[in-house]
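Going by the order they are written in, the chains are A, B, C, D and E; count residues from 1 in each one.
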Amino acid sequence: MLEYIKNVWLGFWTVIVGMKITFTHLFEKKVTVQYPDDRYPIPPNARNKLHLEPTLCNGCTSCARICPVNCIKVETLRVVPDDPEQPMIADGTKRKLWVPVYDIDFAKCCFCGLCTTVCPTFAIKHTVEFEYSTYSRDDLYVRFSDMSPEKVAEKKKMLEEFQAKEKAAKAEAARKAAEEKSKAEAQAKAESSPVTESKESN
Amino acid sequence: MGLLNKLNQPYEAGGIILGTFEDILNWGRARSDWYLHFGLACCAIEFMAMNASHFDFMRFGTIPRATPRQADFIMITGTVTLKMAERIKKLWEQMAEPKYCISVGSCANCGGPYWEHGYHVLKGVDRIIPVHVYVPGCPPRPEAFQDGMIKLQKMIKEEAIFRKRKKLEEETKIELSA
Amino acid sequence: MTINEIYEQLKEEYGDSIIELIENPPCDSSIIVKAESIFDICHTLRDKPGFEFDYLMCLSGLDLGENLSAVYHLYSMKHSHKVVLKTIVPKDNPKIPSVEKIWRTADWHEREAYDLIGIIFEGHHNLIRILCPYDWEGYPLRKDYKEPEYYHEMKVPY
Amino acid sequence: MGEKKRIELDYSKIESDRMRLNVGPQHPSTHGVLRLEVELDGEIVTEVVPHIGYLHRCFEKHAEKMTYPQVIPYIDRMDYVTSMNNELPYVMAIEKMLGIEVPEKVQYIRVIMCELNRIASHQIAVATFGLDAGAFTPFLYFFRDREYILAIFEKASGARLLFNYFWIGGLAADVHPTFKEDVLAIVKQVRKTNKEIEDLLIYNKIFIERTANVGILPPDVAINYACSGPVLRGSGVKFDLRKNEPYSIYDRFDFDIPVGMGEVGTVGDCWDRNIVRMREMEQSCRIIEQAIEQMPNEGDVQEKLPKKIKPPKGDIYMRAENPKGDLGFYIVSNGTDKPERVKARGTSFVNLSVLPEISKGYMFADLILILGSIDIVLGEVDR
Amino acid sequence: METTNFVYNLIPNETIAIIVISVIPLIFLIVYALLAILGELKISAWIQERLGPMRTGPWGILQPIAEVVKLIQKEDLTPDSANKPLFNLAPYIIFMGAYASFAVIPFSRYFVPSGINIGLFYIFAVGSIAVIGIVMGGWASNNKYSLLGAMRSVAQIISYEIPGAMAILSVAVLASSLDLEKINIAQEGGIWNWFIFGGQGSWSKIWVFPFTLVLSLIYLVASLAETNRTPFDIPEGESELVAGYHTEYSGMKFAMFFFAEYANMFVVAAVLTITFFGGWNSPFGNFMQGPGWDVFWFISKAFFFVILQIWLRWTLPRLRVDQLMYVGWKVLLPFSFICFLFISLFKMIN
């Protein structure tokens, strides 16, 4: 019986205690941040939308390789040595590669931050931007490259020409080398035997 | 059938009154969105945080409902697996019109980090149900959820309810473009 | 008790069933045992005074290419010592006696190993798939696994 | 209010209509996407069959395809409530295989982060447990505090939930300059809120009636099922990896292991499991305070590592005390930069397997509470 | 019977007058329900250090209106497997039960919709109609959760009606009447004449105070159970039963349930006000007493109790089904009997 009365009293009393606590909270300062009008402070190193500075990117593709989800697509073109433009990267080094395609699919990205740590030129960075929800998934596929298609075509053509030229030069060189070799071999044959041994050692 | 379906008959002329009426109806639907929270994975934790005091999702007039019948939009937060997909479809069919869907997070958008080797992950919830707003992030910040919500409200507000009015608009568009 | 002592004692009791002790610091040392006698060995390990491995930390299935393997990580709450047991079975006949009756926790671990690797635990009371749907085909964690094109009319690859 | 005893019925003698109820996979209180097939006799649960796998995201398959550092983001996504704690055993395992000693400062930051995350995780656990009991307000008080903890994580690592902060051989970035003050402020706030919640929820008579003497888990059953963490300690077993098998630098701190004592009911009931979490938050606060005091200000946060991390051939099992119990990683290395196999021993996976055992004979409403008291995260159950 | 309704004096035609009289509570009910929904949203938010609806009108005050506009447009689903006539009828029956109670609630001494002399009895009788609606809805939905919710709800409402009725009965003993107007009139003349302090009479009534206080608490608890609110919201306990008996309802039919819940809250608050807290009487004797003030005092007192219900809801966890029965039968009932006994004794001695 005593237990019963005690239980009833406890039931009643703890309810009163709880109500007292909630009542005090009724008048406390509210912590809500009214989002579109006010904003919660976001630290500068926050990992939200990625941003690529195309003028800084040297096309090393280490970001695409480290990405665990393979959401970065990078294509590069070699800069032809006799290109009249001879571009520079914004930090002053000479550009060795054009970056005609640099796409990030934000629908896939897992915002782990690995790509930003491997970038040698700090071209890719996480920004504090997070308001980019869309009505269509295609809008989440962002193209960062600053090269126009015409320019890409031009550079491609230039590279092809250069490569063809190079190939021709190489073929020429190879032919010459082969010729020389065969000449040397012929000479060696004429001088006879120890050549085979050296080949084996190689 | 609700009142909406009755109003769906073609009207002889869509005047100002009808337009205002439509605006009021749209306002109601945009401002009072009850949601069915479909918490699946990591994003659901951020969703809970977004419901909590600091961000307070209820400011937008959203009330959580446990049953799909009473919900206006479904918020898919997390990885949809193949085992789960059929249930989502079922829930979507159980919801009463008009209904909307917000897909939150990389996983719900397209499989996210699991798109490549995830043999058991559905690559995007839009393969089974229509999605109206995509919220990117893995997981998105709580504010990003609310940004998605604002976008959905904007979409609802601009919706044309009456078929006639829609037609009229299309005609005017054609005229304008011509 | 160190793993060497456990190995010696087990060797004394079971002889041929205990194949070898692999020591490979800094990695874990492990005892390789024959699959058929794993139940008896585990039973001894749990109940014999001095061993008293009452806590099965982990049971993992492995695909070794040619063979499949199950790895048992045991721990004793009383003596705070550990031991790692390994069994190897051929891929075309992957049968290992279940230890579910010794440690109840093995129930789900074994179901998982069956589900993902395809090891069949004999004597398990309910060896069905646990993570994948019940009508799933194939064992996903095998190295030669190919993911299906369609599942219930839903496209699987991206 | 009366003593609630486990209802013993001889089912062989009673013939009544059993109802099969399907709870989940989308049910407001299954803590995710768990499906329970429940057989009810009136309101009394006669059988529970958990069906899991609704969040099977193929973690182990992904781990085989990734290099060692790339696995860490996926480990975050396993138990997404306690990402920091998840990363710790994995990086420790790789470091042990490579034979790396991480700098002193890193050790301290790791401990502080883990303990903060433990608090955050327990807050969610207690909050959702209260929510299952129908109390919504404590839930939001906890989430308000959790927000302050997440703010620290965000300042340090850049992310709020999935951090990718512990790297092999160190940390992703150094902590911000005001780290120590922020953490101490949080410790204060956590203690204040815990006091309040104890009055509002934990010692509320209705809550005690709901949770005491419900879902009793005897210690021997707990060990046989390999339960760990608060589930094991709630049954009165004094076992904590941080004390029994100290890893990292936990042997330098002075703290207690709270265990369930059956203060309001029987040892091992839901209330005990819950109060263990509440008291562990206090112990975490103590560890954090000591760690902040001892932490060196200067120092590197990243050890020099080869460009490609290639642990030697072999396998290793490393476990650490997660908020939910001991989380283990069994890593098999084949000498290349990609692991041969990473098997995670999900804490929740193991703890959940005990549910059918302890929920028979209780009411349907109790089943929800028992599930809540085990505190599972489906991301870890299904991986 | 002498008519006390000002509408009859205003409108000579009796038919029109009756219609007006019946419509006034309906309008009041709708306005009140909108306010109560807003109150629920806002108070819950403030308790939890949030702000609640903020973006619909200034400070979100238009939120309930938006909700009504939305609910009207919502598709009205009837599940295929449901029993259609019962399924469609249930919400109206529940709403009817709540609305019918308003017939006897005396808002002011000049406005009692229907002055019958067994008002208290009528409220209890009509209030039970809701049970039928709940069972109908729960059963007809053909959903296990709905059925479980409905079953629980019936058990709960029936068991809590007894202590509630006992509490009210003691007031009937004190007032020697079941007529709500007479009960109100018996409490005239300041706060010390309210029934919680024993009604009009000499200072010896102070002996009654502990018992009336306990009885008023018992009625409050019982009313919480009758309106299915926390800690007794087991029929719709979200964590167990999804949404209880109205799981399958959508659109306007669900709105009916919603309205009925809030209307019921007002009815029980009104009964509590009338029986224990002086009804339309001002707490300061003749100060601020009069026909206009009557409405003010009555509604503000009733609102206080509605807010108390909301406040309780956001503080407490919910009970389990067997504990609920325990509280009803083994705590409230004996206590109400003891108090009733003492009050009857007191009345006899006096």
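The definition used in the following text is that a residue touches a chain if its C-beta (ideal position, glycine included) is under 8 Å from a C-beta of that chain, and two chains touch if they have at least 3 such contacts.
A quick note: this is a predicted structure, and the numbers were derived from the prediction, not measured.
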item	value
Lowest number of touching-chain links that must be crossed from chain B to chain D	1
Number of steps on the shortest touching-chain route linking chain C and chain E	2
Which of A-D and B-E has more C-beta contact pairs	B-E
Whole-Å gap between the CA centroids of chain C and chain D	25
Cα-centroid distance, chain A relative to chain E, in whole angstrom	63
Approximate Å spacing (C-alpha centroids) for the pair chain A, chain C	40
Centre-to-centre distance between chain B and chain A (centres being mean Cα positions), rounded to whole Å	32
Multi-chain contact residues (two or more partners), chain E	47-51, 54, 238, 242, 314-316, 331
Residues within chain D bordering two or more other chains	1-2, 28, 53, 56, 58, 61, 73-74, 137, 140, 144, 147, 162, 200-201, 204, 206
Junction residues of chain A, two or more chains touched	8, 11, 15, 18, 21-22, 25, 30-32, 34, 42, 68, 110-111
All chain pairs that touch each other	A-B, A-D, A-E, B-C, B-D, B-E, C-D, D-E
Complex contacts: residues of chain E adjacent to chain D	44, 47-50, 144, 148, 230-231, 233-234, 237-240, 242, 314-323, 326-327, 330-331
Touch list for chain A against partner chain D, complex	7-8, 10-11, 13-15, 17-18, 21-22, 25, 31, 42-43, 45-47, 66, 68, 110-114, 117, 126
Chain D-touching residues of chain C, taken from the complex the two chains share	24, 26-28, 30, 54-58, 60-63, 71, 73, 77, 80, 84, 103-105, 107-109, 112, 116, 129-133, 140-141
Chain D - residues contacting chain E, complex	1-2, 4, 19, 21, 27-29, 43, 130-137, 140-141, 144, 200-201, 204, 206-207, 209-210, 363-366, 368
Residues of chain E defined as touching chain A within the complex	43, 46-51, 54, 311-312, 314-316, 331
